[in-house]
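Scrolling down, you'll hit the structures one after another.
In the two complexes below, chain A is the common chain; its partner is chain B in one and chain C in the other.
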Partner chain A sequence: MNVSSYVYGMSFYHRFDVRPKLFFSLVFIVEAFIVDSAVGLLLLFFLPMALMIASVGIREWWVSFRRLLPLLVMLVLFIPLQARDGMPILSVGGVTVVTEEGLSLVLRIISRLGGISMALMLLLLTERNEEIISGLRAFHLPYPAALASSMILRFIPYLGELFTEIRDSMSLRLEEGRRGYPMLPSITALVVAAIRMIPDTAASLEERGYGSAERIGYERRKRPNGYFIQWAIGAIIALILFLVR
Partner chain B sequence: MAELDISFRYDSGEEVFSSFSLSMEKGEHVLILSPPGSGKSTLARILTGSAPKYRRGSLSGSFIVDGVDVLGLDIPERMRLIGRVSQDTDEMMLFSSVHEELSFPLENMGLGRAEREERIDGVLSLFGLERYRDVSTSELSGGEKRRLMLAVLFAIDPGIYILDESFDELSPAWRKRLASLVKGLDRTVIALGSHELAEYAEAFGRTVTIKEGRAAGYVGEPLPASSFPVRMNDRSLEAEALIIERDHRSSGDLPSFMLSVLSFSIRGGECVTLLGENGTGKSSFSRVLSGLLKERSGRVLFDGKEVSWRERRHRVAYLMQNPYEELFLPTVGDELRSTKASEEEVSEVCRLFSFDPDEYVQEMSYGRAKLLQAALFYLLDRPFAIFDELDSALSSDDFVAVVSAYLGKGVGLLVITHDLRVSEMLPGRKLSIREGVLCECQ
Partner chain C sequence: MAGEKRKGALRISLIAISAAIVAVFTLVIRIPSPIGGYISLCDAAVSFAAYAFGPFTGFIAGGLGTAFADLVGGYPQWAVISFIVHGVEALLMGLIVRKDSSSVVMRIVAAIVAVVIVSGGYLLLTTAFGLTVFSEAVLEVPANIVQSAVGAVIGLVLYSGVRKAYRQLDDLRW
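Coming up: the complex of A and B.
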């Protein structure tokens, strides 16, 4: 699973210590379920987006964000059709297609899903895997749980990468004149490849000594300059989100 | 002294070893040369413990090292005794940076930070990877990944090293370097290979083979007679003023990788060989020709007409370095039928490449997977094909048979190899990449 989302940089957010980053990412995710006001929902979506763009640039933001797009498009297409009680906005032949309530519901979901996803992407784009493990260990998470968490966080980008690989490979098999790639075989192939990866990863971990009684304990992290200011900035953002909820 | 005597059968019923016996002196360097699918990687997995734990099967026998039966130990307990470099490097990569990949086993050995860093610096320098210390492993080339996996093994420094086709995918200079490192190593080394390499002679004192699941004496394998069919035709693939660029997004110190191709051309039925150091852009060039990567500038022409990068996918078959990047379906039949070939054609190709359509791809050896990759693109009937180190992990006979089959169909072949013997054996022009420029070999 040798995929890294990390993008080298010296941005303001890159320089944040991993501990406040992890803590406030978690707080942000919890707040995403509390916030319900229009201002709060806008902040929820655009704050991590702005931070991503400021940290890694528009291109890298777009590369990460476009993986979410199919899901967001499906939400836009289907949720309004499912929630048609309320004030009609769009009717076709006397049948209500979109209501104010349906539209509001889909915007809420997109804001929460997009905001949470981008907050996690921001973490992975600006922190190396070993730093994330070390940060989780600083919160007294046992090593196996910290390792598993970091692998889970990387698993979705990994599947995204793997799917691109499969799609490319499938596109090399297409007949003349055909474009794109066969969707169903590609998804089947993705599932097969992901399942095949499990024993290989487990074997590789053990062969490198995972589970050994000799493993080193937690090595304390140093506090960087501005460490408490970083916590304060995170706390202010969390407080603002809470106040405008 | 190490005494190995094992029998092993996969749960699928396939018997791989039947009383396979091998004795090794402490510090002896043994080479096991046998064709793909004969059980070399299975042997490596058995010795390190991942088979039968993660590749199910029934194992009996023992592997006694200094009076201890290694097979009775749990996998992590074996780490200091025995370690391997897998043939499929991606299979063993766990982490996202070179440093983390190296540090993980050392942390599990209980080494303090200072000793870990000392060992990491030592092996990075030994394998020429110093500048990649903080780079993402996914940004390394195939040969660089191989060197990283070797660096991991040398950092752990177990009593027995298993090198599963580890010389393959390395450039000639790195093969020589590895041979000299192995020669100077006072550890027991078991190297596994599918075909002879000139570098083996320096590093290994004894060669054995696997015959019907048993160890047997090895009889030298001369390169097959090389009279390749010639069916030149009017098709052409050309590249003009290509600039290929790739960023190292995970590191701020490394400049972008850049390759310049002023002019390249190949005709239908022609064979062109491409040589070059690891990480010089051979695979990136192949990806551009086959439409999997966009060039920064320049153009690619097919039959004299410029073709978009998507259209190239229908013209050029690209057999990637790692076959598992192109094989995803459950069985050989599923893979071959995905090309929309008729049942007759599928049967014919199965016969030609010695495959059973019901064979499971997941259970195949790496070498057999490469052969399946070749069979798959053979069916697709593209006018041009790129073999990205197809010769590694294949026996010389298999490789010659594949090249002959493609050339016999009039396919224009670009063969990327690190093996100078293979390069000399192949007909046609030789190209190389030097200092970021693709040029004709003098």
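Coming up: the complex of A and C.
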């Protein structure tokens, strides 16, 4: 089980520092809710997509986009048929099928949903999980929250593997010819095994000095070459999106 | 001081492991729904966390576990909504069964509240966040009702089973 979406690469977006990436991903998501013009909606939808293709290639983009596609298709098929107030664009036998308002609504929702999903996937595809947590620490995420987040990310694959082993051994207990696995005993065994780890994990945190000293300093990260240029590029994109909103 | 230190380490471990359990339940058994999301066993783990560890651990574990599952599972756009919906689901379930976790009536009330929060929460929040329209979001409601109702029952069975197998379970509650 792999919990990291990171795709190795040396693209210009891979080389961006995690801090401007995190900050402008958030700004982009906020702007997604205020953009209303046609140009703004097109930028919202296609900009993260273009960045993703340039950073990780068409194949990885398609893997992410494919998950979103059924929802986008449903929205395109249903919304214009349901929102039929306003200026008719398409009428069949005197019945209004598509209106300008219906079309505008579907474009807004698709751009927003597609833009937000692609912007977040772009971040996850071009940055390792531990780098994202470290970036959040630089933005003053409290130490216990950062520690809990990185522990969650480490325990997910471990418990996923453990569940696979439990499920496989449980399936051997079924009668010959029967497929599948007994779900309830398998998930119970997984939860018992996981909960038994809690006291040991706490003891090992203590041994490593958790709680023994007050952490007052937040993570100081080195500023890479072109750090301010990266912030400037992000700010320009955010400003353009704001101006064409 | 040593007691506080121990308590802090235990709380962090409890939250991390219970959130990871929720995430694994969300990621391992996943059935894609026709409008892009998916239905999973996450509510069983969320209910279990609420019954076993109380409302506050349940809130953090349920919220963080489902949000992390969305982030690593390729559905990042739902992470914030999942955090709110499943966090509140566990919080309310935990508060309802807090005084008397063995009461059948309270368990039924908790399960009904879970169903209302999950189905109503996704319906309202996906529409309020502008990620879909109301008539589209309504299509998800039956699947969410089934998922949360089945989850609440499985969570309860799981809680009883784990409690029998690990007697110190109640000591972890805070």
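For the reader, a short list of remarks on this structure follows.
Throughout what follows, the second predicted complex is superposed on the first by the 165 of 245 C-alpha atoms of A that agree within 3 Å, B and C clash if a C-alpha of one lies under 4 Å from a C-alpha of the other, contacts with A are read in each partner's own complex, and residues count from 1 in each chain.
Simple rule for what comes next: a contact is a pair of C-beta atoms (placed from the backbone, for glycine too) under 8 Å apart; a residue touches a chain by one contact, two chains touch by 3 or more.
A quick note: this is a predicted structure, and the numbers were derived from the prediction, not measured.
Once the two complexes are laid over each other on the shared chain, residue contacts for A:Leu174 go to chain B alone; chain C is not touched. Touch criterion met: A:Leu153 reaches chain C, while chain B stays clear of it. Once chain A of one complex is fitted onto chain A of the other, the partner contacts of A:Thr188 extend to both chain B and chain C. When the shared chain is aligned, chain B and chain C each come close enough to touch A:Glu206. Using the contact criterion defined above for the overlaid structures, shared-chain residue A:Gly226 touches neither chain B nor chain C, since it reaches no partner. Using the contact criterion defined above for the overlaid structures, shared-chain residue A:Arg196 touches chain B and also reaches chain C. By the touch criterion defined above, A:Ile79 reaches chain C but does not reach chain B. In the overlay built on the shared chain, the residue A:Ser117 is in contact with chain C alone; chain B does not reach it.
Looking at chain A, you'll find residues 1, 3-5, 188, 190, 192, 196, 199, 201-203, 205-206, 210-212 touch chain B in one structure and chain C in the other. Contacts from chain A toward chain B in the complex involve residues 1-10, 60, 128-130, 154, 161, 165-166, 168-177, 179, 182, 185, 188-190, 192-193, 196, 199-212, 214-216, 219.
Those residues of chain A that touch chain C in the complex are listed here as 1, 3-5, 33, 63-64, 67-68, 70-72, 74-75, 78-79, 82-83, 105, 108-109, 112-113, 116-117, 120-121, 124, 144, 147-149, 151-153, 155-156, 158-160, 163, 184, 187-188, 190-192, 194-199, 201-203, 205-206, 210-212. Interface residues of chain B, counted against chain A in their complex, comprise 45, 48-50, 53-55, 74-79, 83-84, 86, 90-97, 99-100, 103-105, 107-113, 134, 136-138, 152, 156, 248-252, 290, 292, 310, 313-314, 317-318, 320, 325-326, 328-330, 338-340, 362, 376, 380. Chain C contributes residues 4-6, 8-10, 12-17, 19-21, 23-25, 27-28, 32, 34-37, 41, 44-45, 48, 64-65, 68, 71-72, 74-77, 79, 130-133, 135-136, 154, 157-158, 161-162, 165-166, 169, 172 to its touches with chain A in the complex.
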